[in-house]
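Next up: some structures, all given as structure tokens.
Presented sequentially are two complexes of chain A, the first with chain B as partner and the second with chain C.
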Partner chain A sequence: MALLEVDNLKIQAMKDDGTPVPIVKGVSFEIKAGEVVALIGESGSGKTTISLASLAYTKPGLEFSGGEVRLHGEDLLTMDPLKQRDMRGQRVAYLAQSAAATFNPAITIGEQVTESAVLHGILSQEEATKRAEELYVALELPDPDRLGGRYPHQVSGGQLQRLMAAMALVGKPDLLVLDEPTTALDVTTQIEVLKAFKKVIREQGSAAIYVTHDLAVVAQVADHIVVLYSGEVQEQGPVDQIINHPTHDYTRRLMAAVRPTPTAGMGDDTEHGHGRSEAAIAARGITAGYGGIVDGEPAVTILRDINVEVERGDVVGVIGESGCGKSTLARVMAGLLPSARGEIVLGGKTLAPALKDRDRDELRKVQFVFQMADTALNPRQYIGDILGRPVEFYLGLTGQEKRKRVAELLDMVELPIAFAERFPMELSGGQKQRINLARALAGNPEVLLCDEVTSALDSIVGANVIKLLTALRNKTGVSFVFISHDLSTVGSFADKIVVLYAGRVVEQGPTDQVLSPPYHPYTRLLITSVPELRIGWLEDTMQTREAAAGIARGVEITAVGCPFFNRCPIAIPGTCQLEVPPVRLHGDGHQIACHHTLDEVEESEAGPQQILHGYEKPIMDDDAAKKP
Partner chain B sequence: MGPMIFRRIVIGFITLWVVSVIVFFGLSILPGDAAAIQLGQAATEESLAALRAQLGLDRPAYIRYFTWLGGMATGDMGISNAGGATIASLIDFRLIKTLELGGIVAVISVPLSIFLGLAAAMYPGTWLDRILTFGTMSLVAVPEFLIATFLVLIFAVKLQWMPSIAYMSGGESLWEWLHALAMPILTLVIVVSAQMIRMTRAGILNVMNSPYIEMAILKGVARKRIILRHALFNAIGPIINVIALNLAYLVSGVVIVETIFAYSGLAKLMIDGVQTRDFPLVQACAMIFCGTYVLLLLTADIGAILSNPRLRKPK
Partner chain C sequence: MSDTSANTEETGAAEKEVDTIDKFAELPDAPPKKGIKLSWVGKVSVAIVAAWVVVAFIGPWIAPFHEAEFIVDDSYVPSGGCPEMLEELFDLDEWTPDAITQYCTESDTILFLGSDYLGRDTFSRIIWGARTTIGISFVATLFAYFVGITLGIGAAVSGGWIDMVLSRFNESILSLPSIMLGLIAVAALGSTIPILIITAALIYATSVFRIARALGQDIMVQDFVEAAHARGEGLWWIITREVLPNAAMPLLTDFGLRLVFVILFISSLSFLGLGVQPPMADWGSMVRENMQGLGYGSYASIWPAVAIGTLTISINLIVDDISAKSGGSLAKKMV
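Right, the complex of A and B next:
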């Protein structure tokens, strides 16, 4: 008998007028002991709802309307509520998408991890604490003896995600439910968490439901795949069969939406035919951060000595892990955060550091598009007013002219004019992001600062927004600073890439050159960390020296030396952590900040996986002389 | 955390100082002075001048201010203009009365409100929750004199269980004393509890939508423990603040209730002071009231800081 049998499960929502709306329409699948079953599909496919049914739980507003979910042959849905409560956490345990939101901020980690096992009477507090500490070790969490006494805000996001696994496993459940547990993480953190999950699931012998929209991740962890669309099973089978021989159209469509591994030549290489003489916007020697500024040094430095130029009509992608200072760079350019040192130059003219000292025309030229359209748009204003306000403010248009411009803007972002009379809440996530873009375009800006504008969107919706951005660039000649942690998206869209690490530019240059050797060791780590749609990729990647050196180490923001030192496979002890690396030029505008010469870097990438110790400190300018 | 609490304390002192300036100079610009009131119709220019000199009213305002402020800081609140008694002696007895009444009300209403607020939050939508929500909303909307009047009508006039005034001659037994105070206590408990119940319920329910509460449900935690352990600690900040505001009201805002029940507390003393233009008395009372507010809100702020691990234990 299977461990869990989902049998013709039906779940519905109730509309305000009392009519039911089916959400899950008769789904059946089963899980054997020790097996990992992946539920995949886009948002709205019902995958999270189905996974929660294995805990006999629905989100508020939903209800079970048919079918059974049997654990060891016993139906969970009709079970006595007290028995349901006993089953939760003890026999079936849940891991949510965002550990940061799922951990209670007011309770210590140790208490939260052990709570379920102690409450259900499986373990005494001492036993549970001991088991939790064993799990911390198994999950490779730092400082396992003292971790339990800390509060959630005192550990990193990747650590919290692994702690949630500890929380689920402490009561030795038969079944784990993992709901997009790595989706919100940076690629390098994702690998580390995936590896820990896989190992722990194997060792503990529990079965798992793994919910995700990311096929590349599924290929690494699942034994069996269930493909869902709109609350119905499209196709199911062993992982090898679904990944390598999909039969259903929808599965093939999902496969096509998997982001390609970033490589040179993936971007569109059209010539835009614009003058390349003058930068539209440039950051020169920017140091910025938070807290009081003393002698050009903020109390907390986020960005250090940043030099970036954005040419007219170009798209400059800024990438790096969360916390590297990507958003801060955009905020400095927009004047939201005045820099401590350095200057922002717009069309040859130095701008005042602070927003309030810039004149209206300067404000008009640099516009910001925020990540969360939900919070950036006023929910109590009509779309027409949201767009009309900047039209009036920057262009001085009123009445009929203003309405005409608003209609033009809606047309530009490919939305019907009737949307002017709607509220933001009546729009979908992708439509809201389009309005967010239209608002930024209202005053005919020269530079758009896009901060993770596709990160909160589904991969298919996100791809459509990228298409729109490309069209807008070609039509209006606006320059983009496109911030993202997703190297594939940036690689397919940007003309130039800036790689930030711990507040410094480690590499920048034309997209094709950044995505081909020689790489900065950090860029290489980022590229190798993007999951591939190939079974066994995770194991292969874990064996590379980048993974060995760079994954599962924290980012340290330092004032001296190279910040990547502690994660770099080719670091030179005694040099890299003490001296700021020289910026080496490679061809047309391609810069890499590294103590190694580019030949050494390239050699180390091609050759056997050997850590290069004991190199002499390279001479600063030998490299430029060698390369024509 | 230390510097944060220190900053709150400094801000508290600054607030008190600003209040002292407003209280002192605000009252000095009112027409009529104490000398004229004391001498009444019989005043002559000479006798007025003599009395002003005696009371120190002929000195410049800022010197009088600093003398007064220094006195307040050292506990010497000056001499009453009206009777010549020290203000400390006038206030002493009244302040104890006010603190007695407020203390009893606080001891009853704070645990009661938190209990009822939690009960309503634990079973939202049930008859208990509906009654509490409807009842507290009605009571928040009704002014306190109306509540007091109704209670007097019911318990004193109709049922004749309780006295309608809180008169005490001294030397009562504890039971007699409580019996005499029952009506004002009941009125005040109703007035302050309604707000605190609503705030506790709203604060808890607000937190109940968080993902970490859903996680607790999915871990099989019982609803009672979810409310008491997972939700309450995250909702405590605003609840503490409402409690502090209501306790401050019990010291300074109860004048109407004191008047209705002829209870001679501090608020009533201040009103009497206003009527007799006894400025030093009014100033002293105002400073005590403001001091109470500042102290209680400071306590609430510090409590909120201590209950938040993000502030208590930074990274």
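Right, the complex of A and C next:
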């Protein structure tokens, strides 16, 4: 008999006037002991709602309207509330999406991990602590003996995510519900977490529901896949069948939206016929950060000596892990954060570092597109007013002319003109992002600074936004600085790529050259960390020396040496951590900052996949641990 | 209303078009925003508050008597009593319901809610008092809002030492008990109506300041405000177009609550004898004046208390209803 059977489950919401709106429309699937079932679909597909139903829980405003959820043959939905409470956290455990939001910053990790098991009376405090320590070892967390005494802010995001798994597993649940546990993580951290989850689920023998929208991740961890759209099962079957022989249209569309592995030649080859003489915008020797500036050094330095040029009509992709300073670079260009040293040059003219000292025409030419369209659009203004204001402000158009331009802008981002009379709240995430873009385009800018504009969107919607950006670039000839942590998105769209690490440019050049050898060791790590839509990819990747050396190490922003030193498989001890690496040129504008010559780098890449030099640094981020 | 329905039809058609292009079109994040629908409790509360507001406006024309007019010679005449009854019966014990029916059904000067301690008509005084109590409180709250929002949003937007000075000053006033502060101000400056209004306004401006500043700070860090900054907008635009519209809903909800506090504050001052001065009728002072009547079984001090209760509780219920419908996060900021 299956461990959990979801049988014709129906969940509905109630409108104000009392008419029910179905959210989940008769979903059935089952989970056998020790099996991982993935619920996959985009936002609004009901995947989280269904996964919560396995705890007999619905979000406020929703109610069960039919069907059964049976755990060991016993219906959870009609169970006595007291028994439901016992079941939750004991027999079924839930892992929320954001570990950072789940942990209480004021209580030690050990106490939080063991709390539920002790509270339910399954284990005594000593037994629970012992079991937690076993789990830390199983999850490959560093320093398992003392980890329990630390506070959440003293460990990294990936470690916190794994600690959440420990929290769920302490009470030896029969079923684990994981809600998008790796979605918010960088690719390198994602690998580390996926690997730990997979191992611990296998060792502990518990079954799991894995909720995600990312098919490539599912291919690594799931045994069985349920594809959902709009509260209905579109297709379900073993992972091999769904990944390799999808039969349903929607599954195929999800597959098509999976990011390809970044390789040379993936970008579009259109020649834009721009003269490669003048840069549209350039950053020269930029050092920037937060806090008071003393002698050109900010209190906290985020960017150090950045040189980047964006040619007219070009798309320059800026990539790196979170915290590398890529958004800060765009903010410095826009003048939102004045730089401590260096200058921003727009069409041959040096711009004032601070926004308030730039004139209106300079402001018009450089436009910033914010990451989250949800917060970047004023919820109390009509779309027509949101787009109309920059038209009026920069172009001086009013009345009929303004309305005409607004209609033009809506048309440009492929939205109906009637949207002008809507509020942002009445639009979907992708539509809001289009409005966000249209606002930036309103004043005919020369440079668009796009900060992670597709990161918060579902894969299909994000792919459509990229298509739109490509069309806009061809139509308007505007230059883009496209910031993303997602190498494959950047690779498919950018003419030039800038790789940032800990506030410094480690590699930059034309897309094809950056995505082909020789690579900077960090670029190589990023490329190998992008999940592939292939069963067994995770195991293969973990064999490589990049993964062994570079994953799950703390990032340090340093003034001396190469910041990548402690994660680099080919680091030269004694040199790399002390001296700033020289910038080596390779062909047309391709620069790599490394102490190795490019031949040495290329040779090491071709060579045997092993760690040439084992730099033994404790995985725990020491700096973080020292914080009060 | 017909305009909006036409619009939704139009956009509905446009959406259908999008649907046919894209079979798996994305769903909007939130359903289209509808007007706030009140529960039946909310509707009853609105009716009560509206009735009191109407009374405050037309009170002097509908009240049977003037607020300062002595109708009968005896104090604490029971509800429904009349001068004719008093001519025959002199003793309190004789004013029974039977006696009232006997003497007063024909009378043309019936005291619906009886008389107060000076023999004035309680019913008329409550109607007159509505104007004083609601009027003073409303003007004082408006004034408190003007001062509180201007300084609060100003502090949030400018930050730095301006924010520092204003906030610390505000906190020092906030730390003093409001009734004490009011007593001192009125005792020193005299209890005229303008002084009462200004005192109440300044005392309650401190809490408005805190809410406005907190809301302002929340909104100032939103991306759309930064977008306006990046566009090159001036401070005035940012405050009036970006910050205030987003603070309006929580501030409006709070206005109701604040009004209640001011009504209670003015009533408390009057109750202590330092508020509205006789012979003007005011609900708070009416409660105090007629307290002794409770000993004689008179309801003369209960009726104005009921008036205060119905008004303040109704406003509270409306506020609860609105903030429950417009999302809990707003309600939390109210406290």
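By definition in this document, the second predicted complex is superposed on the first by the 593 of 628 C-alpha atoms of A that agree within 3 Å, B and C clash if a C-alpha of one lies under 4 Å from a C-alpha of the other, contacts with A are read in each partner's own complex, and residues count from 1 in each chain.
The rule is simple: a contact is a pair of C-beta atoms (placed from the backbone, for glycine too) under 8 Å apart; a residue touches a chain by one contact, two chains touch by 3 or more.
Quick caveat, the model's predicted, so the values are computed rather than measured.
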item: Touched partner set for A:Q543, first chain B, second chain C, both or neither; value: neither
item: Partner chain(s) touched by A:Q400 [first = chain B, second = chain C, both, neither]; value: neither
item: Touching partner for A:E421 - first (chain B), second (chain C), both, neither; value: second
item: Chain B versus chain C as contact partner of A:T19, first or second or both or neither; value: neither
item: Most chain A residues touched (candidates chain B, chain C); value: C
item: Which of chain B and chain C A:Y94 touches, first, second, both or neither; value: first
item: First, second, both or neither for A:N104, with chain B first and chain C second; value: first
item: Which of chain B and chain C A:A334 touches, first, second, both or neither; value: second
item: First (chain B), second (chain C), both or neither touched by A:H153; value: first
item: Interface residues, chain B side, partner chain A - complex; value: 210-212, 214-222, 225, 229-230, 233-234, 307-310, 313, 315
item: Chain A to chain B touching residues, read off their complex; value: 52, 55, 57, 85-90, 93-94, 96, 98, 101-107, 115-116, 119-120, 151, 153-154, 167
item: Of all residues in chain C, those that touch chain A in their complex; value: 7, 10-11, 14-15, 17-18, 23-24, 26-34, 37, 222-224, 226-227, 229-233, 241-242, 245-246, 248
item: List of chain A residues in touch with chain C within their complex; value: 16, 42-44, 229-230, 249-250, 253, 334-336, 355, 358, 360, 363, 367-368, 370-372, 374-381, 389-390, 393-394, 416, 418-419, 421-423, 425-432, 439, 458, 460-461
